[in-house]
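Read through the structures below before going on.
Shared chain: chain A. Partners: chain B in the first complex, chain C in the second.
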Partner chain A sequence: MRAESARRKRKIIVVTFGGGARDQETFAPQGQENIPNMMKELIPQSSFFTHVTNQGILGHYVATASLTTGTYETLNNFSAVPPDHPTVFEYFRKDLHRPPTDAWVVAPSNGFNRIGESNCSSYGQGLGAAVILPKHLLAAASSGSKANIDHLLRDNYENPLYTPQLSGNEFQLSQLERVLRLSVDDFTAHARTLSSPDELSLYIARRLMEQEAPGLLWITMHDIDIAHSGAYSLYMDGIRRTDRLCYELWQAVQQNPEYAGNTTMFILPDFGRDSDYDSGGNGFQHHRTGDIASRTTWMMALGVGIRPGMIYDDPIQSVDLVPSLGAILGFDAVQSSGKPIKELL
Partner chain B sequence: MLPRDLQPEQFAAYPPQARQLAVAHIDLFRQLPISFLPSMLRQVIEYDDKFPAERQSIDAELGVLSRLSSSDLLQRFQAFANLSIPSKLENYDWVNHPAQFVEQQSAYLWSTHQLDNFRKAATEYGEQLQAALPPVQLPARRLGIAIVGQGVEASSTPLFRNLRPHGTFFNQVIPQNGLAQLFDAVTARAKSFPSPYAHWVVEGGALPATRAPGVTCVSYDGLEPVRSALLNFIQGQIQRPGMGPEELRTRLAELTPADLGISSTSDQVLSRFQVKVLTEGSGTQIFSTTFAQWTAREALRRAQALTLLVHFTPRQRQLPMNEMLSNAVPHPTLDPAGSLVDADMGAYYNWINQQRLPGAQDSAFIAWFEGHAQAVVIAPTLPRGVVSTSAMTLTQLVQLALA
Partner chain C sequence: MEMNLPGDLPPQLQQAIGSGLLQRLPVTFQPFVHQQLSEWDFLFPNERRSVQRLLLYVNSLPPTQFNALFAPLLQLEDKMGVRTWQFSTTEQTILNASLLARSPYYQQWRQAVQNVFDASDAYALKTGASVARRRLVLLNIPAYLPVDKATAWTRWQGIGFVQPLDLSAAHASGTLAFLLFGEKAASPSLLQAAQQPDDHSPAQAWIIDAGDNLIRAALQDQAAAHSTSTPTLLGYKRLDTYRQNFSNEMNTMRRDLVDADSVYDRLRKVDVRPWCPPEASAPSIREFLRALYLSGNGAVIFGNSFVEWGASEALRRARPSLLTAQFDLRSKPKPFTGVAVFDNPDKVNPLPSVDDPQGSALDAQMLSLYIWLAALRFTEYQHDTVCICMAESIAEAYIVAPPQFSLQRNPRPLSIDTLRQQLKTWLA
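== the complex of A and B ==
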């Protein structure tokens, strides 16, 4: 009975440290200076997996969709289509009989609006997560007056021209007040104090935690993908900012009574970026070659049920995350091609 | 259609020299797998607008393959032949649109988890080809120069951290007149070893009014009208209903120098190179540092520059992408400090790209913090990973690198 109660209270937060960061600018020795918060504050509390491979397509939407389904999806990265396989949100809600308010996605780019639920016939419509696209929300909230917020509306550098038509279970502007208890004016006013799209995402995520306290919260960071512009300094700025935001999110967890002591948080890049030495690429700028550097990354797990201070070097795959969450929370990710990570159980 | 069905008349739309080359090698082409041949045709179809070094590479590759027996060819391309290619792609007009075929094939290989096999096959093919080619004799040691940090008073982080392990770090460089000394070094080499497109200056700002003879010059500021025309074109395309990333890429690939306002009397090989830098390089249209790095990469990869000087200058500060793409800010604020970080990494990439070329073991490279006393020099005669406190001018550093 007590175990069941604890399981009902259990919260899971997944943060994708994105989009696309290499080991050499993060946890490799030469990169650790870029992630001081994770190094000093988070890693001592964490189980750290040094070798996470992504064998799928290295586009941000399709790779993040693959992370959510635990299966390497093959959808067109630049199309607003749902994943083919059930998402973690659908397993979570259907198997555990959780309400719609218990699973949320906060995603940076308009392209991610269909990531909340699949088109799988036995799961799918009505069983997924609500998706908030903070930039879309901000653009709608401030329509006609974009003064001082353009810097928050930067979109996908992987293809800056892509803005798909929105459809699916995305969050509607009218829900700002009803769900987040935020007036449009307060939302836009606060947004003006922020410096990047990911800061806006964190703001929304914290608001969600305060108002809805979802059991499963998925946050996709994206500032790092400015690397596609070829400006290394901006890529590094993105990494440092994401490091800070991850720490601030963990602090928010500790300060929220619904989450403190009940939460397990996972932080992982969706994939890496091309090696400096692969002639088919241009180093950090893209993730097009499929080389080892672009396919290999890391994962940090911390919080309830996690052994702190552990470092695991055995290879795991990014699709192993969803079945691991299933093993932790008590659902069966039946269509996932991954397997539970034993060190998390 | 498969390669074995190729007929000479199918190359009718190729430019004259490309057509001649393709028809001359049609028997070879017929024996190559469809997963490989369009990649080769992608090079062949642009033969007329290629740099001399590129033409030599294509000729040499075709020569190597033409000397192989049918059974050797079968064996050499077995890994490519093992890849599954859908009939939709086989039926695509890959003879006349090889670049688009390659792009679609790449997407297909990703989605069917065959990309790693393709990479492996391509890598092995490249290694076998390199082994079969005769060694290249350069007229002089290849020299790369990167000038970084214009407008920065002091760097907050150590510079050249990636390059220092490979060469000697000088911290007492005499900076006075350094820029002119380095430009003079390029001019002198162009005079001593004249060859078309062998000596390059890639300028992140504006080029000096007087051009050195024999030096190929490309500048970010000089291409401002072309960049504006391109950004206007992109804006126009974005507004069109149904426009997506694939369609836009195809449209960009079809742009000619004339489409972007480059005079037909200008050097067409160089003009096409510049258009490709701007249409294929991500970020080259908006950031001068990215432009300089990518142009240098392409000058090395394609023209195999014997001398390459890259002058990084401050790029515009980051703005929302839409604003940068719309080119709406006529005089954007600059970001010298961020540009120094970009250029430091760009210099490292320049050196890596230089090391991919023939004569890498004997090549030399200089990276200098403009206006300051710090430089790193990489040369076969200099120790690696050490610091020199010798007071040296830039001219002396060049002499040292080439000694």
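== the complex of A and C ==
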């Protein structure tokens, strides 16, 4: 009974350290100076997996969708379509009988608005997570004002020529006040004190934690993907900012009574970026070659049920995350092609 | 599929195409070939030679060898189910790229295509169709970009050596302008030394500038008739009108059209001629810039990205004897415009721009290495090419050179005039 109660209180937060960072700018020796918070504060509390491979398509939407389903999805990265296989949110809600308010996604750009729910007939409609697109929310909140922030929605670093139109389960502006308990004015005023979209995502995530305390919260960071513009220094700034935001999120977990002592957090990039030396790419700028640097990355797990200070070098795959969450929370990710990571159990 | 061929295709090539060569090529090989042929008028001499060499080579193969060359690709196409795809054989589209990338056989497919090109290149080397010549890649990180002396060259991983420089002679004009145009009228300039006697195409020498000082110096030099050579000149700031109008088209079109290929298609047809400065008005350069801006590599956003990607594409497409690139300063992204990099940040946010010398210097250091790595992908630059990357703020150059280059590591600062003489000797 006590175990069941503890399991129901258990919270999971997944953060994708995105979009796409190479080992050499993060946890490899020469990159560690870029992630001081994770190195000094988080890694001592963590189990760290040094060799996570992504064998799927290396586009941010499709790769993040694959992370949420535990199956390498093959959807068109630049289309606003749902994943083909059930997402972790659907397993979580259907198998554990959780309400809609218990699973949320905070995602960076328009392309991610269908990530909360698959089109799988045995799961799908009504069983997924609500998706908040903070920038879309900000643009909607600012519509009609003098400030023109339509530019916020032109945010697809991978393909500047196209931004999918929103449809499906996007967050409605009316929910700003109903769910987040924020007035439009307060929200827009606060947003303007922030310097980046990922800071806005963290703000929304913290607000969600305070107001809804979801059991499963998925946050997709995206600032790092400015690397596509070719400015190495801004890519590095993105990594440093994401490092700081991950630490701030973990601090927020500790300060929130609903989360402190109940939460396991996972941080992982959706994939890496191309090597400097692969002739098919342009180094850090893109993730197009499918070389080792672009497919190999890492994962950090910390919090309840995690052995601190452990480093695991055995290869795992990014699709192993969802079945591992299933083993932790008590649902069966039946359609996932991954397998539970034994070191997390 | 019938296609309209440009009138000035070499007769041999016309004959090969007339004999049905294109229809014999694997489906996924056809978009590249069709696109190259349809854009023949805009290709650089090297590209024309390369397409001609490839097509004449495969056309010359007896059926058994032809089949053997393409068999791996055809087998992969079967496995990938290409025939069931909505795949354009006439041009390279975003949909094509997406279909290929989503296939589990994508990496093998890439390798199989590369193998065909490698076979053609090997044949060209064997038959002497490819001529070796000395080349120079000359890069400059200007004085106002602060480079850290201790870490300036670590990314080059010891492939060359550090040479202290005495830049005092070049102080007034800037180092690159001094090297390229600072010669007394009677003596041939470095640019002239790079000119090949058998090839007077502007594509043989490129000067790419993230600012505009270097391009203005080049134009002044041309106007003063000091130089008979006419290099290709690309200046990020001089292309402001082109870039901003193109960017504006990109941003205003997006809402109207249903998919990326439609946007792409329309941007390929926009008349850019009114936006080109005189030095970029030649059809091949105009279209080179359009392709650069469409490629999504930051060339419409940051001057240093424009320089790196422009240089990489020039190396890939034109294989110049001399490529010169100079980096510049960019502004810091304004708060919350990090997401709006495809817009003009000054329009999006009224706050005044703030320079980012440290960030610009870091960008330039990384991107200068990338230019050299881009060169190394091609046989032409692997043996007889000198690469010099100068960092004016620390008065040093990093030099990568083959053993036959006469300049050796010297702890004493090398005068810029001596460097120029060495480079002229090398190219001559």
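As a convention for this text, the second predicted complex is superposed on the first by the 333 of 345 C-alpha atoms of A that agree within 3 Å, B and C clash if a C-alpha of one lies under 4 Å from a C-alpha of the other, contacts with A are read in each partner's own complex, and residues count from 1 in each chain.
As a convention for this text, a contact is a pair of C-beta atoms (placed from the backbone, for glycine too) under 8 Å apart; a residue touches a chain by one contact, two chains touch by 3 or more.
Please read all numbers here as calculations on a predicted model, not as lab measurements.
Q: In the superposed model on chain A, is it clash or fit for chain B and chain C?
A: Chain B/chain C on chain A - steric clash.
Q: Is A:223 touching anything from chain B or chain C once the two structures are fitted on A? First, second, both or neither.
A: second
Q: In the overlay, answer first, second, both or neither for which of chain B and chain C A:74 touches.
A: Both chain B and chain C are touched by A:74.
Q: So in the superposed three-chain picture, is A:192 touching just chain B, just chain C, both, or none of them (first/second/both/neither)?
A: second
Q: In the superposed arrangement, does A:135 touch chain B (first), chain C (second), both or neither?
A: second
Q: Overlap the chain B and chain C contact sets on chain A and report the shared residues.
A: In chain A, residues 57-58, 74, 78, 151, 154-155, 157, 159-162, 226, 228-234, 236-237, 276-277, 279-280, 282-286, 290 are touched by chain B and also by chain C.
Q: Give the list of chain A residues in touch with chain B in this complex.
A: Chain A residues touching chain B: 55-58, 72, 74, 78, 150-151, 153-155, 157, 159-162, 226, 228-234, 236-237, 276-277, 279-280, 282-286, 289-291.
Q: Touching chain C in the complex: which residues of chain A?
A: 57-59, 74, 76-78, 135, 148, 151-152, 154-155, 157-163, 191-192, 194-197, 223, 226, 228-234, 236-237, 276-277, 279-280, 282-286, 288, 290
Q: Considering only the defined contacts, which chain B positions touch chain A in the complex?
A: Within the complex, chain B contacts chain A at residues 110-113, 115-116, 119, 234, 238, 243-246, 248, 281-284, 286-287, 289-290, 293-294, 297, 315, 318-323, 325, 335, 337-342, 344-346, 348-349, 352, 356.
Q: Considering the complex alone, what residue numbers of chain C touch chain A?
A: Where chain C meets chain A, its residues are 94, 98, 101-102, 106-107, 110, 250-251, 254, 259-260, 263-264, 267, 294, 296-302, 304-305, 308-309, 312, 330, 333, 335-343, 348, 356, 358-360, 362-363, 365-367, 369-370, 373-374, 377.
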